[in-house]
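Before we start, here is the structure in question, set down as structure tokens.
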Amino acid sequence: MSELKIAVVGAGLMGADHIIRIENRIVGAQVAAVVEPDEGRAKAALADAPNAKWYPNIEAAIADGGIDAVLIATPGQFHEPVLLPALGAGLPILCEKPLTPDAESSLRIVEAEIATGKQLIQVGFMRRFDAGYMELRELIASGSQGELLGLHCAHRNPAVPDTYHNDMLIFDSIVHEIDVVRFLTDSPIKSVEVKYMKRNELSPDKLLEPILALLETESGVLATVEMNVSVQFGYQVKTEAVFQKGIAEIGRTAGLNLFAGGQIATAEHMSFKTRFAAAYDSQIQRWVNAVKIGKIDGPNAWDGYLAAAAVEAGLSALHSGEKVAANYEKKPAFYR
Amino acid sequence: MSELKIAVVGAGLMGADHIIRIENRIVGAQVAAVVEPDEGRAKAALADAPNAKWYPNIEAAIADGGIDAVLIATPGQFHEPVLLPALGAGLPILCEKPLTPDAESSLRIVEAEIATGKQLIQVGFMRRFDAGYMELRELIASGSQGELLGLHCAHRNPAVPDTYHNDMLIFDSIVHEIDVVRFLTDSPIKSVEVKYMKRNELSPDKLLEPILALLETESGVLATVEMNVSVQFGYQVKTEAVFQKGIAEIGRTAGLNLFAGGQIATAEHMSFKTRFAAAYDSQIQRWVNAVKIGKIDGPNAWDGYLAAAAVEAGLSALHSGEKVAANYEKKPAFYR
Amino acid sequence: MSELKIAVVGAGLMGADHIIRIENRIVGAQVAAVVEPDEGRAKAALADAPNAKWYPNIEAAIADGGIDAVLIATPGQFHEPVLLPALGAGLPILCEKPLTPDAESSLRIVEAEIATGKQLIQVGFMRRFDAGYMELRELIASGSQGELLGLHCAHRNPAVPDTYHNDMLIFDSIVHEIDVVRFLTDSPIKSVEVKYMKRNELSPDKLLEPILALLETESGVLATVEMNVSVQFGYQVKTEAVFQKGIAEIGRTAGLNLFAGGQIATAEHMSFKTRFAAAYDSQIQRWVNAVKIGKIDGPNAWDGYLAAAAVEAGLSALHSGEKVAANYEKKPAFYR
Amino acid sequence: MSELKIAVVGAGLMGADHIIRIENRIVGAQVAAVVEPDEGRAKAALADAPNAKWYPNIEAAIADGGIDAVLIATPGQFHEPVLLPALGAGLPILCEKPLTPDAESSLRIVEAEIATGKQLIQVGFMRRFDAGYMELRELIASGSQGELLGLHCAHRNPAVPDTYHNDMLIFDSIVHEIDVVRFLTDSPIKSVEVKYMKRNELSPDKLLEPILALLETESGVLATVEMNVSVQFGYQVKTEAVFQKGIAEIGRTAGLNLFAGGQIATAEHMSFKTRFAAAYDSQIQRWVNAVKIGKIDGPNAWDGYLAAAAVEAGLSALHSGEKVAANYEKKPAFYR
């Protein structure tokens, strides 16, 4: 197969980004279809993907026969109606996080995938492709600093759009730490608890934040997550790992140092788009390469389910103020 | 008064350090008395304080009439029997932390001080004299980054002596954060809760640590404290302050950067003695200067009592696993 | 044109690297030909370029008709015999630095290119595609810190291969600074002078280094270059820019910070391959994109000639100990 | 001797600073005399030294008999007339740099000191007491990184007063590097050469700067010094040391890191008063301690002479554009 023909589903912010990425920076792939009910959005996206055709829905794109793989970039509540037909057609899928909004629907997807007999789904937890997280994971796995005992995570946004509501602190934002803590520790999240920091009066009225989430893994690692979506100054994702013998830290800004106006300064990111630009590129490139040999190369549907189940615990913890245990189905042999 | 004549009570580790400090680095003061029941220890200390006399107890030193002030450097359980006679003699006192081991006895000291009609006691929370904490406090007070919302504190020791037992995580170690969080926020600790990180197998058997303490101030600030006494690599005390508009960080190591062996490295401290050397000097110098004009210049007996009461909440939290509220008496007018 | 068919000339270290790059990381291009007289080397390279054919020389590759562009990755003394036939065939060329080893031969190339009527040659000064240099250039151009007054450059290698001889300090190593200083300042090198630092006894016998080169631009900027090829600890390329109102610095290592063994450390690069990996990728991708629309997107043949002429001044300065002026032909209208 | 009674000569900027230092931060010393012809200045200074008497000249202070040591803080051209009578009276002297403005007069001082039979003079090169320089010197002496090959020094002031003229670039500013390069390398400066960076148009009209001085030591180390007195942004003194096996760097700013407004920043110094505050304190304290046991503890008169002779070479280099060798008399046995 020379060029992987991808149908990008959803031509919003993320979808448009992926279309530009595939057309310009990904080797061996092209956007063959843009699946988007909104004609205006679709037309705008097609301008960046000259060889792509527009389809109003995934079924039409599949029926037309010209696609090898599907990249789902719609909001999470619209994933299932795309995932099921794509699985039905036996197409490899890169599904933006979350797999689906809740554990029950995620489990349906898992079952549908198992029914195909093949792992077709990769979930878009792009932090697993960030150089810092990868390096930290290797350090943990090496054992050179002894056992990992805890993690301190900071996830800070300068601001959030009007559509952002309080539960999104968990299912849209902390879901990244839920997945990446498991990625780093190789152990599922056992419980979630949420504490409130002093409320930021610059935060939109409907948000009670910043919060401090405490994630415990089954292996006993305690991860703290400062989730902060109105910190104004920049976009910052950092992790400090506490080992038996030392500490490791990732996510500090690098770049040109400017000595001016009485201080020495380095620019911080203002958006996930630059902070994780290389991670997104690497994620898609590696997925394209893997798909061509019939594989995936990243978190699978079961990882997506585990994240959805831990998110449910997190929402319950957010609402109740209690420490809430995450409940998981037994892992199917299919994913071992 | 030209030279302040100080009686140093206790010639152990801290006392010996203070004697060398006063004799060599403090202007306008000298060690006039070493109060120490152990003759060998006393003799060793006198070698660094050629003009000092040895007394087996504070009463004898007071009776002899040659001292202007008292510096108490014994362990906390021995403070009260020194504080009361010194207060009785109307002598200014610098008392190493803690004021006393519990709130009840601290309250007795407070009452004894009030009875003298004058603030004579300063408590040795030396972090208040550290340049980083002072700078951070000024930043908070300036309001330039908006309100303070939270603090992330790390307090890491390479190892602890055999005499260190589990409760000392709270009353000997976190007591520093208990005081300094209040110093930074100008608000008492309202509650304490303790979480366990994965236990460090390199830690002595009797210790369950590292732990994560959550301190809430009455003003609503949430402070996390990673208390870690077996981290091997170095002695590190850091604080990250979360504001409405930005983040500030203190406690990162500075000094010569060495580019060798494939990396760029800076030395970390290995002991509080170097980490807080300047803070100790500044604390004693400012106390000496203040005493000469009949004042104190640092945390007072009431601050000592508040710390003791918050430590009690912390110990209860450590033992129970619950979030425990700190209880304080009403602040006497004397300390307003 | 869908995929740009590239003939890679030379399958040594650099050529092999470029072949892997084009096949795996560059969008819209493929290696169609490997031009390499050594059959063993050619075969090894073809393993990474399954669709490429092997040719012993460029003339054969051109005659066969299947190539759209040429990437020359042989040592500099072999560039001219490839450049001339490729120009003759009207093919776009990315020529690794240096264009040719001396000004006279570079000028012949310039004349040959002018004769084609079109700018076909781009020279592989990849530092122009490094994020740090690009950011610094923008800062200089912005004028926000006032005029640029000077540059302090450090170019440090852990070690060099046996084939490295003393003149290569100038024509193989400092040639990078010669080009990039001009890139940053938009002004040609006016003179070169070379000073000796204390000789490193760990350096191979035939080398007298580290050296300090002083490059003056026609615009009056003085650039110092520490050229150091036996510094053992790592591969490091840094620049500090001195402005009227401030200082900027690029090239400091970033990545995971490890707090262990009494220090805080960050890994340094050990090779140009990682230090400039992103720059090489970006250079080739942008060249491929530009070639498809009939352009180049980087330093041209005239830039190559200017570097060659400045290198001649540098060699003369190295040999004589004198400050040597660079002599340039008048810039042809063709390159304006 | 309990308190060392010091006569401070000169109550200008430096003198006033030293008076405050001795009275407030130096153990075992007091200002007993202020020697200053200007009555207004003297009165102002006496406000900070309540036990001091005012004398219009050093002879009067000596005659009065109440002083144990002399600290000379006048401009360099006025040092000799104070040094000679103080030496005549056998008084220990801390003389601010330079010892005298030229080698000839410095040699007269050396001879006068030898005639007393005792090393009485210490010269105020305070950088030798800076923690960074001391740590770097130890690293060099340890040999752990192999031989020292070169030094890159930056000496940057935000601005200079109106009285600052062009020769002061050498005798007032670079004189610090002249001494400290020798201190670090334990080898005298063999030659000086001066290059011009692009002139800073924000610099006063009479100044041609920044400049780049090249100092060669007799041991073969090449030190570059960027001397820059109008860099606006801050006061910065940095040194990078190039070893056989690695690089060391001192002088980077530390302190509170503020993440605000899209960047991460640390404050830089704005004056030598804060940059070298601890070095000045340490210098004076160690001098006081040494004087009490009949010694000095820092650079001696011969060091002052060597600096003066190297400054002469530097001025000649500045005026001529040539590389100028420093000439030194043979070192008297007295200083071995």
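A, B, C and D label the chains in the order they appear, each numbered from 1.
Rule of thumb we're sticking to: a contact is a pair of C-beta atoms (placed from the backbone, for glycine too) under 8 Å apart; a residue touches a chain by one contact, two chains touch by 3 or more.
Remember, it's a predicted structure, so these values are computed and weren't measured experimentally.
K.L.:
Could you pull out the chain whose C-alpha mean position is farthest off from that of chain B?
P.N.:
C
K.L.:
Any chance you could check whether A-B or A-C wins on number of contacting C-beta pairs?
P.N.:
A-B
K.L.:
What whole-number Å value describes the gap between the mean CA coordinates of chain A and chain B?
P.N.:
Computed value for the inter-centroid distance: 44 Å.
K.L.:
Could you grab the centroid distance between chain A and chain C? Build each centroid from C-alpha atoms only and quote it in angstrom.
P.N.:
Spacing between the chain centres: roughly 38 Å.
K.L.:
Which residues of chain D are in contact with two or more other chains?
P.N.:
In chain D, 232-233, 236, 245-247, 252, 259-261 touch at least two other chains.
K.L.:
Which bits of chain A are touching chain D when the two form their complex?
P.N.:
Going by the criterion above, the answer is residues 232-234, 236, 252-253, 259-268, 270.
K.L.:
Under the stated contact criterion, what part of chain D meets chain C in this complex?
P.N.:
146-150, 152, 154, 156, 195-202, 210, 212, 214, 219-222, 224, 226, 228, 230-233, 236, 240, 242, 244-247
K.L.:
Looking at the complex, which residues from chain D come into contact with chain B?
P.N.:
Chain D residues touching chain B: 24-27, 131-132, 135-136, 139, 145, 245-250, 252, 254-261, 285.
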